[in-house]
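What follows is a single structure, and I will ask about it in a moment.
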Amino acid sequence: MPSRKKTSRTTRRRTPKTDRSDLRVGLVGTGFMGRAHANAWRSAGTFFDLPRPLVMQAASGIREGQSREFAAQWGWNSSTADWRSLVASDDIDLVDVCTPNHLHAEMSIAAFEAGKHVACEKPLAGTLGEARAMRDAAKKAARRDVRSFVWFNYRRVPALAYAHRLVRSGRVGRIFHVRASYLQDWGHPDTPMAWRFDAKKAGSGAHGDLNAHIIDLARFLTGDEVSEVVGSVEETFVKRREIAEEARATIKGGGAGKGGKRRTGRSTVDDAVHFLARFKAGAIGSFEATRMATGNLNRNTIEINGELGSFKFDFERMNELQWWDHTLEPGLRGWSRIMCTDADAHPYAHAYWPAAHGLGYEHGFVSQVADIDRILAGGEPEVPMPDFADAYETQRVLEAALLSARNRTPIPMSQVK
Amino acid sequence: MPSRKKTSRTTRRRTPKTDRSDLRVGLVGTGFMGRAHANAWRSAGTFFDLPRPLVMQAASGIREGQSREFAAQWGWNSSTADWRSLVASDDIDLVDVCTPNHLHAEMSIAAFEAGKHVACEKPLAGTLGEARAMRDAAKKAARRDVRSFVWFNYRRVPALAYAHRLVRSGRVGRIFHVRASYLQDWGHPDTPMAWRFDAKKAGSGAHGDLNAHIIDLARFLTGDEVSEVVGSVEETFVKRREIAEEARATIKGGGAGKGGKRRTGRSTVDDAVHFLARFKAGAIGSFEATRMATGNLNRNTIEINGELGSFKFDFERMNELQWWDHTLEPGLRGWSRIMCTDADAHPYAHAYWPAAHGLGYEHGFVSQVADIDRILAGGEPEVPMPDFADAYETQRVLEAALLSARNRTPIPMSQVK
Amino acid sequence: MPSRKKTSRTTRRRTPKTDRSDLRVGLVGTGFMGRAHANAWRSAGTFFDLPRPLVMQAASGIREGQSREFAAQWGWNSSTADWRSLVASDDIDLVDVCTPNHLHAEMSIAAFEAGKHVACEKPLAGTLGEARAMRDAAKKAARRDVRSFVWFNYRRVPALAYAHRLVRSGRVGRIFHVRASYLQDWGHPDTPMAWRFDAKKAGSGAHGDLNAHIIDLARFLTGDEVSEVVGSVEETFVKRREIAEEARATIKGGGAGKGGKRRTGRSTVDDAVHFLARFKAGAIGSFEATRMATGNLNRNTIEINGELGSFKFDFERMNELQWWDHTLEPGLRGWSRIMCTDADAHPYAHAYWPAAHGLGYEHGFVSQVADIDRILAGGEPEVPMPDFADAYETQRVLEAALLSARNRTPIPMSQVK
Amino acid sequence: MPSRKKTSRTTRRRTPKTDRSDLRVGLVGTGFMGRAHANAWRSAGTFFDLPRPLVMQAASGIREGQSREFAAQWGWNSSTADWRSLVASDDIDLVDVCTPNHLHAEMSIAAFEAGKHVACEKPLAGTLGEARAMRDAAKKAARRDVRSFVWFNYRRVPALAYAHRLVRSGRVGRIFHVRASYLQDWGHPDTPMAWRFDAKKAGSGAHGDLNAHIIDLARFLTGDEVSEVVGSVEETFVKRREIAEEARATIKGGGAGKGGKRRTGRSTVDDAVHFLARFKAGAIGSFEATRMATGNLNRNTIEINGELGSFKFDFERMNELQWWDHTLEPGLRGWSRIMCTDADAHPYAHAYWPAAHGLGYEHGFVSQVADIDRILAGGEPEVPMPDFADAYETQRVLEAALLSARNRTPIPMSQVK
């Protein structure tokens, strides 16, 4: 819960076991993810009993006015359009980076250098090189007890956190298959040109946005690592998109339509990337990210088949885990729809509402804030928290998949440093 | 499999333990149900190893030509338009009655009197009085080892037969709720007038057709009996229906439309009957039958909630049983979709195809034929087989529901003899 | 968003079209519902652009300390254990009543008398008499522009708000069936004795708690009123419940267990109430509320079948509406799972997250706060908002169902004043 | 319906437009598929009005006695253990080949040479070379009006036949994605060694058995062809399987277990093959076949996403098609569960039962027999019927996937002749 008074105290960098000091947060980025994060910072303290009181200290967007409005709406104590001043500020303990991917590295590294903890949006970076630099900076910062976090929010959906426990507890057994897809459909040919279709601004398309999530989930849920990308396909189905009348001024490279003709711009990002992989312990996996799967609004799905049990998850029904227990007597085996809302049994569920009073998209972020707070107080998260080193492994798989698609060859992970 | 040669043997009426003689069947009624039964008689021997070889001896419809065509198509050895001759024939052992409800009593009783086993379509009869006479005739016939059967085909859907076993084995425990509905939508206002909307020909509407099934299922699955109908509502939403041009000649009482006006006929059957009931052992139940539930083509559903477990069934997904095991550890409890197709574990599944190579509507009839054959050879059915006495109990509940709706009062079953 | 400064202004009672003054809220009741409401008051301003800034002025629980902690956790400016002082306070514009049902009348009426708007939890009251007094007090207060609201939160689940629009726009057509149930299972025999099983404290069991919701939904969605309760059944399956060791001191009437024996207390509320109804325009409806439907954690479901279309809703999948469009060409008709998360198309969806980034239980309350704020600024809610007169009609149906069950007779609504 | 008399007539090889002569069938292979085919030959005439009466002339298994029993059970007029005599017999018009894959070529080619039509099980052959020889033989035979058919039975599941029509009618539009998987789980490590795990006897594992089906479906449904296999992974998870005591005598190469130790045999077939592909018109596709997907008994699934619409199918719910119409107004778009059982609207549905009285696995075969009969009478099938040339294209894709997995490189289809 945001404190309602200004906080001024001697900044301590050490995180002792019993740190109960305020945790003062600065947010950089005020778009869709900025909203989701702001909501989480302001809500975690109401749902969870946090060891360190959260202070929403400052928010930084691109322009002054917009930053001010955002701060007012979400309850930040101050605002700025100058992220560097926010990062350098003495009254910030943690910088939350939720800007476009190509800005993650510069901002995160600056924050580490200023001695701040960093919580960065996924994917870790726009390129593997940047991600490596971020990982190294985080490693260096760790020597001063500065911590890094990455917003792989789906880990804290109760159904997936519970699936993680099922694997850890041995109920799934040896894993044969990982089947993950993240299907969206807003890349429909009717969707006009926008910055997201411009590789220079967006980094990548569906791949960085969506495969990042499911690669992280596969690693999180199996506890295993990809050993090789066996094959990959990358596709931009819609190569030119219409430039909406109002946007023509701001998008460069639009086709020079004369007279009444439509102007179009070139989409330089992937619409879909699909790849096959092997895991170290022997499982094989398939991954698909696309914005062109008409009818699938936000189908982040994963299914894992093991010798003793299997589970399936679909984010469009995020409160449910489908579970198959192969150790039951044959006639009673079935796919069991578990509502992962039991306060006593399912991770994070205790903090919110009674059984089957479902949670929504935002609560994964709220729960992640709670775990960040616990970690920074010297405690443990309910399920493993991704840091920059962890997210760098996901980035390597992203890179391997691109290399495989472009070089038309399998890519052992050992080739991707 | 129907034998393809004429059978002539001395007719024995006794059914000894080891009877392996041919079972010669005569069918009366060649409509939709006649087709379903014919298919079952001709297929049971291919799927099951039957103790008594089935002989499809004769089929009887209303007209000679149509009876002949039907017999040729489905493989009956002979045909007739005179059901009385079929019933009296020396080379028939069992008469299958699948004519309209108001004909069941006369035909069945005649068959018993001729010493034939009778397998009669549900509901047992058009009226409770007729049903009682049929029950009494069956009882009398039983003294001569003549048996009666009723085609409550859903009992032999593997998922429901398995649910029955779950209850019997104690896995459901004390039952609190029975929630049954049979929803169809072909009674839409656009549907023209037909004999099914004429009470004189059809007996009743949704009530006798659909509630009969779910009352039987509730009794079968719980092993309990209704003790009281607490309240009931009967409704004919569409009181007049258009008479299709081609049908005007044949339907009496059509409105005297002049000139270009549409002619309509009066629907005298219920479109829907819904009632609440108490069971002897303490459960409460709800039952709904309707032809006006737009969007529900054939949703025969039942859910039973017990102290130890619950199950749900929907005939539109007839190969599945939804099962909740309340004795599992809390986090793992869920509605489990069991595909009831495991040859080793699920009733009747062994006779057909490998796991999850699903069955269809017709297989309930095929399995019932197999059980009838076993019983008449002196053996046991896989799950209890309804006879006339059993079906009479269902008819009593149908009657109680109608009385409750019409008299606007609860009806204890003790009042319905 | 809660303002972070104390507000002191001249209280105006008129609600002019353009009221943009602060709306100062006082909450009475700090249990489960108190949490849900507090979350809504603090979050509405972050998600919605509210005409009147919300001020979380004061919260009142039973004890001082607990009230203080609650206020601190949820961001109320002050706390008290004296609800009368809160209601009387000059710096409160609206009193939110979320105490047990038997306290609603006294608190609401006191608030009206103090000139405050009242937002009261459902059911409106513990008895019909109290509900009537509340309705009358609200009517009187309305002359002074004081408004009443009732927290039938499910109306603002986007899927149900959208269903409401489908009916209003004529897409459902003449309605034949309303099929509503609210199934829970926490009344399992293992659940120990608690105040909720004591009629004096809880008023009723499943009936007031759950049937209240589905009666409101049926009225809201059909735009029609119940004309008669045709039959009803009320049951307490578990008549005595064990008194947990720690609770023995506080629960009266526990069985006098001697020595090592378990002590039990008598449950005096219904576990389940099921009733059948007729609606004025001709539809028939079934309603079932129970806490004994093992496996159903929170299945608030409703299905409405009309001449042109049908829909189904299940709160366990609250972001989805199942829709059947009977006007499509026959081959293409099906139950369509609409994710009601499209910002442009579905009510309330614009305020939250992108398509298929689902909402949870709490958001119905958040959206209701937004609509209350709009109404008190002189605007219109997105869908109709229940006031005390409206909730009184729901209470009459609750009463009729009880009368029908207890008197064993149909109850025309005209008999329930 | 099988004729019940012996047929002797001058064999005519021409198939004139109006051929109404008996179609005399000989079956080779009496295992699981032999049963499914026999059931289809004996049932097609009861459900469909066939132009050419079917005569079940002869069945051939491996041993005399077993062939005789099979023939008696399923109604074949004769039996033999000598398939060559069956193929050569003058009173056979069509040979149905449902033996293991490595026997298809020899038997089919012999049948063509004897002037018989051939209906062969899938995959067409055990190797691409054999498949090519079969295609060529079929082409040569076609000059004499001899026809070839392949049992890709899923094409005639009404839901998939209807999906095919939706694509053909333009309702799906440009296709972006094909997502197909055939998941089974009987390859579990507990499953003992059997001939199916021996590459010499079984040809391949999941690949030939399951990928053959989904490749055919993808080609059938899109009307497009694979242009390249981009990447592929093949895995045998369980390399050694226990030899059941009773099977030790018959399986070679069992591990030399000493004393009480378990003996194991080496599994030489794939447990899973997964590949990515591009289609000529630009779609990208993923294909997965496995026997190790614990919990998936028989999940033959395919989803196709197009610019105007998408559909999904899962054989475990074979009567349903999930359909997304992107041309509907936004708020009403959803995944629509169409029960493909409407006699007027859905292919093949008219032949069986009323709406939502579902079909089972076997009916795809029955409908295929009906279409074969129509074609051989000079008519048209309801949906395209695969012949050997068509099945050869599927075999080429199977081959390309194996080459891609083994050579670790993309395989353009032009490289697979």
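A few points about this structure:
Chains: A, B, C and D, in written order; residue numbering restarts at 1 for each.
The definition used in the following text is that a contact is a pair of C-beta atoms (placed from the backbone, for glycine too) under 8 Å apart; a residue touches a chain by one contact, two chains touch by 3 or more.
Worth saying up front: this structure is predicted, and the values here are computed from it rather than measured.
Following the contact convention of this document, A, B is the list of chains adjacent to both chain C and chain D. Ranking every chain by how far its Cα centroid lies from the centroid of chain B, the top place goes to A.
Comparing the chain pairs B-D and A-D, the larger number of C-beta pairs in contact belongs to A-D. Where chain A touches chain B, the two copies mostly use the same residue numbers: shared numbers make up over half of all numbers in play.
In whole angstrom, the spacing between the mean C-alpha positions of chain B and chain D is 35.
Our note on geometry: chain A versus chain B, Cα centroid distance of 55 Å, whole angstroms. Between chain A and chain D, the centres computed from C-alpha atoms are 43 Å apart. In chain C, the residues touching two or more other chains are 333, 335, 339. Within the complex formed with chain C, the residues of chain A that make contact are 1-2, 4, 32, 36, 38-39, 42-43, 45-46, 72-75, 186, 297-299, 315-319, 339, 341, 352-363. The touching residues of chain A, counted against chain B in their complex, run 162, 321, 323, 325, 329-339, 342, 344-346. Those residues of chain B that touch chain C in the shared complex are 176-177, 179, 181, 185, 188-189, 230-233, 235, 237, 271-272, 274-276, 278, 282, 284, 286, 288, 290, 292-296, 303, 305-310, 324, 326, 333, 335, 404, 408-410.
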